[in-house]
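Next come the structures, one after another.
One chain, subunit A, appears in both complexes that follow, with subunit B as partner in the first and subunit C in the second.
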Partner chain A sequence: MHITSLEGFLSLVRDELGLDTAGVEAADADLADLPGWDSLNLLRMVVLLEEHGRPVPVHRLLQARTLQEIYTFAKE
Partner chain B sequence: MTTGQREPVGPTGLDRLRDLRSRGLLETSYDQVAGLLAEETLTHGGDGVSGADGAYGGPYGAALQRAGRLLATLDPDAVLTRHPGTPVLTVAVTGQSTVAPVVDPLTAELARHGMLLRPVVGDHGAWLRDLGDPGSPLRTADPDLTLCLLDAETVFAQVPVPWRPSDVERAADEVLKRLASIVDAVPGPLVLNTVPLLRRHTHQLVDHLSRARLSVVWREFNTRLLRLAERTPRLVVVDLEPLVCAGGPAVDERLACYAKAQLSAGLLAGYAREVAHLARALRGMTRKCLVLDLDQTLWDGVLADDGPDGIAAAGTLRGEAFHGFQQGVKQFGAQGVLLAVSSKNDREAVLGVLRGHPDMVLRERDFVRIDADWRPKDRALAETAEDLGIAADALVFADDSPVERAQVRHGVPEAAVVALDEEPALHLTRLLADGWFDTLRLTDEDRARTDAYHSERGRRALRENAGSHEDFLRGLDVAVSLSPPLGHEFARLAQLTQRTNRFNLTGARMGEDELRERAADPGRHLLLAARSSDRFGDDGLVGAVLGHYDGDLLHLDNVWLSCRVLARGIEQACVAAVLAAARDEGLTAVHAVYRPTARNERARDFYRSCGFTIATHGGLEHDEITFGYVLDTVPQAPAHVRIDGIELGRRAGAHH
Partner chain C sequence: MSRDTVYLAATGTALPGDPVDNAALAKLLGASEEWIDLFVGTRTRHFAWDPATGEVLRTLADLCAEAGSRALAAAGLDPADIEFLVLATATPDHLLPTTATEVADRLGMDHLPVYQLQAGCSGAVQALDLGRCLVAGGRRAGLLIGGDVTHRFLAARRSAARMPTEELVNHVLFGDGAGAVVLTAEPDGPGERGVALRGVLNRCAGRRRPPGQFIDWSGISDRDTERRMLAEDYKAIEEHVPAISVEIVWELLGELGWTVDEVDHILPPQLSGRMTARIMEHLPVPSAAEVSCVTETGNTGNALPFLQLDRLLPRLGPGQRALAVTVESSKWIRAGFALERA
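Right after this comes the complex of A and B.
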């Protein structure tokens, strides 16, 4: 999948984690405010990004507050 | 049987699952999920070139991992509103570390079997309280299954720094003591696991002697854990070592460090699969029959093209691989799994090979049914189930041809389909990737099951030649004995209650512990084992009667009878014998109950056929029907069944 754009990343999160991330405003929302969010999603995100060949700094990802932040780590 | 065929392409099961979720239809369509996940097996099955993808890895493992993430967003209550009949499994999960990551794979693995997970997850590191305190949310949820996930930290959290192997030994002792107390405290089925020894620990010791010492200490810890299961029937200890060997790594150090998730996602996936098969066994859903293709499945070559001299299951490199597979299949056959053949071949040629080919490990007598003809395989499977008296969902079908697999998958969707491919060295791994035949305890009846089905063939011949059903029954010479279970019979008795669906008058299933408790109190409880035989052989323990006394009344709580011996009058004979014995004991009346389940419809009128009258109908719970029988007369027992002994055991002390 296409983690090259924020839209691509958000649609990946929607398809794979079943989170409602329609609209780019979801990217800047506090993770805790996303409908259906639970903290396990951070662990799922680590696995998901690595499945897509994007090794991430785990300790930073676990402290992320928004999807935008996670996207930034994944792009680095 | 042919190589190089490709399966039809199109949206995969996972694609369709994702589509259902995005349209908000996942709960509404939960009844389709098991089928969609099975489609994934077809898509990703046979992929031999990618090598040994082990018990839970490979593309199918990855697809299931993704499915688990999606399915974990399901609302179980919403599923149940739409599909009230969905079997639900309440699972309490606790452990030393962050255990919630097991929920996704467990959701997916249970969904494969049509079950719905209701997880109750404990607090981080609080397993002792979660399980030891009867008021904890995990205990009050009354789970069907409790998982206590152990990892290296369970021991190492108690070890000082710096440490020596003797410190680990002390910590391991302490942990074992606590675990033993938990095992006694938890009332229902409990799952523990052995703990892989990590290089992170062994190599903190620089000398080989100490390392060896640590390995010994660690293995003793795991051994003693495994031994706990020997003395407690409701405890299962899942050995993680074979899972690590098949898939590794055991831990992702980053997630272990930052999120306290001490077991890797891959290992949890493998563990979840084992647990789901355990859940199937507890629910009486263990598969019973393995149906095998022949060409390129049991031997190298195509019999119709190459002739008997052109096929091999020994002696050549590939032949040896098939030999190993046949040995594994034979092993299953020796443990109560019925073996059958479904092959597109000429029957006489196949029988010739099974009788005389020098390479074969499996012989004609190892199979309870051989379908070798040119019909579609779904028909052969449906007839196999019918012939053996089992449901289609008790079948497992293994074939190297994607076309045949797809045909069976669509024609008999209840059958589990194992995808073999052109790499025979992986046949056994693929067959064993799922514990389709997992059971809690094996019994003598299991080991003799194939012979029992061959005796059944003799009975069938008698039936076909008898003038009437009554003539047949008279010719059978059936004998039954009933008494409280003998010490060695409890495992078989528990298994009978767990596996019996058609003649299970309330759907209830009993653990070995519960049965022993009832048997220990013969003044209040009635528990009888029924054993039957006929001129074709001894059927062993085939039935159970459970009841309790209330003054002059006997309540029959349930009757189970193995479907192998149904419709021979044994069930009526057992109840008639119990009624007669109850009257001899001075009891005045007998009450009985029937609760409909998805499978026991045909037993609805059983008690009436024994002379009972309906007392109440459509009770509040489960549409149950209660029956009554006044013991001033005893019913006519079927004349063709000889009762060799009946003993209620009410006055006898302990019988074990």
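Right after this comes the complex of A and C.
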């Protein structure tokens, strides 16, 4: 289970989704500014969270503006 | 005998099995029904393969023969009346014999020219373009078919989370199906109000442009290849297809001398429920009724315009006009056609 810390979550996003989450600023960066982030990667994120036992509804994810916020929703 | 006008006598379609809704597709992909609802906007599609096992239940030839047979029956013609067959597809059952010749055999057609067009979303229009030339050159009736199947490219074998986005997008867009049209030199019969094909636009405009849709194939020497087999540049498509669609409408209207108010029905590109709605917002045909199928059928590639025609013909009243628009993003082919009922 990787989604036990923000660092673990960012590593998972980097390794599994191939998104560049290097650097502490990635967690707080606006998703629109995250290289490669788009609606299809939102879908991959939905599946990834589901696979790791942290399902988050799409309408909830759409409220998130940063990876930090997605992590917070996943922890809820 | 050279002829100026050709007619659409009848249509036929074939959609395999029961519709697969977004809940079932999401389960198949391990994906999210809510995401498909929101971002694709397609409600159902059909698959000619068993989602649980991957077993191919019906081939492209099966679907095309069914659609062709229905179109022939609706036109009241026998196979012997058909003087040419054109089949358009991106996903033939085999490289040889062609699916077109297999379908001719199944329909009991022999000793006639049979063409297969390797195409995508513009394939049906390419078939109409070729068909009208053949009729203009003296043939009295021809059968045009378009169809595609997804079993070689879509499968629930891999996690959606680990699939490249340009591949993943195909899994939520496409479905299987076939459609057919009978093209004739004369209207249905004496006094019939035939549906005349008034114009066809069929133009590859992809010079120096990277492909928007890519599909590869493999053979004996590379069947275990790791290379990319399927990719869609969905960002380029989202950006360019709405504007290109508007240009196609203006180009068709200009060639025909029609005004925007004279278009009674519009057949827009059928990429997905969401994309088609977006394209419709831009098309300059305020009084036209939309004829779409994608929310129920998914994107069926070469079949789409024929599936739309199947819905249009019963609605096309005397004196009414219709425009169809399609963009094949593989190499950015601009295509469309215009119809008018006498």
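In this text, the second predicted complex is superposed on the first by the 75 of 76 C-alpha atoms of A that agree within 3 Å, B and C clash if a C-alpha of one lies under 4 Å from a C-alpha of the other, contacts with A are read in each partner's own complex, and residues count from 1 in each chain.
Note that a residue touches a chain if its C-beta (ideal position, glycine included) is under 8 Å from a C-beta of that chain, and two chains touch if they have at least 3 such contacts.
Please read all numbers here as calculations on a predicted model, not as lab measurements.
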First (subunit B), second (subunit C), both or neither touched by A:14: first
A:3 touches, of subunit B and subunit C: first, second, both or neither? neither
First (subunit B), second (subunit C), both or neither touched by A:59: both
Which superposed partner A:46 touches (first subunit B, second subunit C, both, neither): both
Touched partner set for A:29, first subunit B, second subunit C, both or neither: neither
Subunit C-contacting residues of subunit A that also contact subunit B: 16-17, 40, 42-44, 46-48, 51, 58-59
Parts of subunit A lying in touch with subunit C, wherever the complex brings them together: 16-17, 38-48, 50-51, 57-59
Residues on subunit C engaged by subunit A in the complex (per definition of touch): 30-32, 34-35, 38-39, 159-163, 165, 168-169, 172, 234-235
Residue ranges of subunit B touching subunit A (in the complex, touch as defined): 18, 21-22, 62, 65-66, 69-70, 72-73, 98, 100-101, 103-104, 254-255, 258-259, 261, 265
Contacting residues of subunit A [partner subunit B, same complex]: 14-18, 36, 40, 42-44, 46-48, 51, 58-59, 62
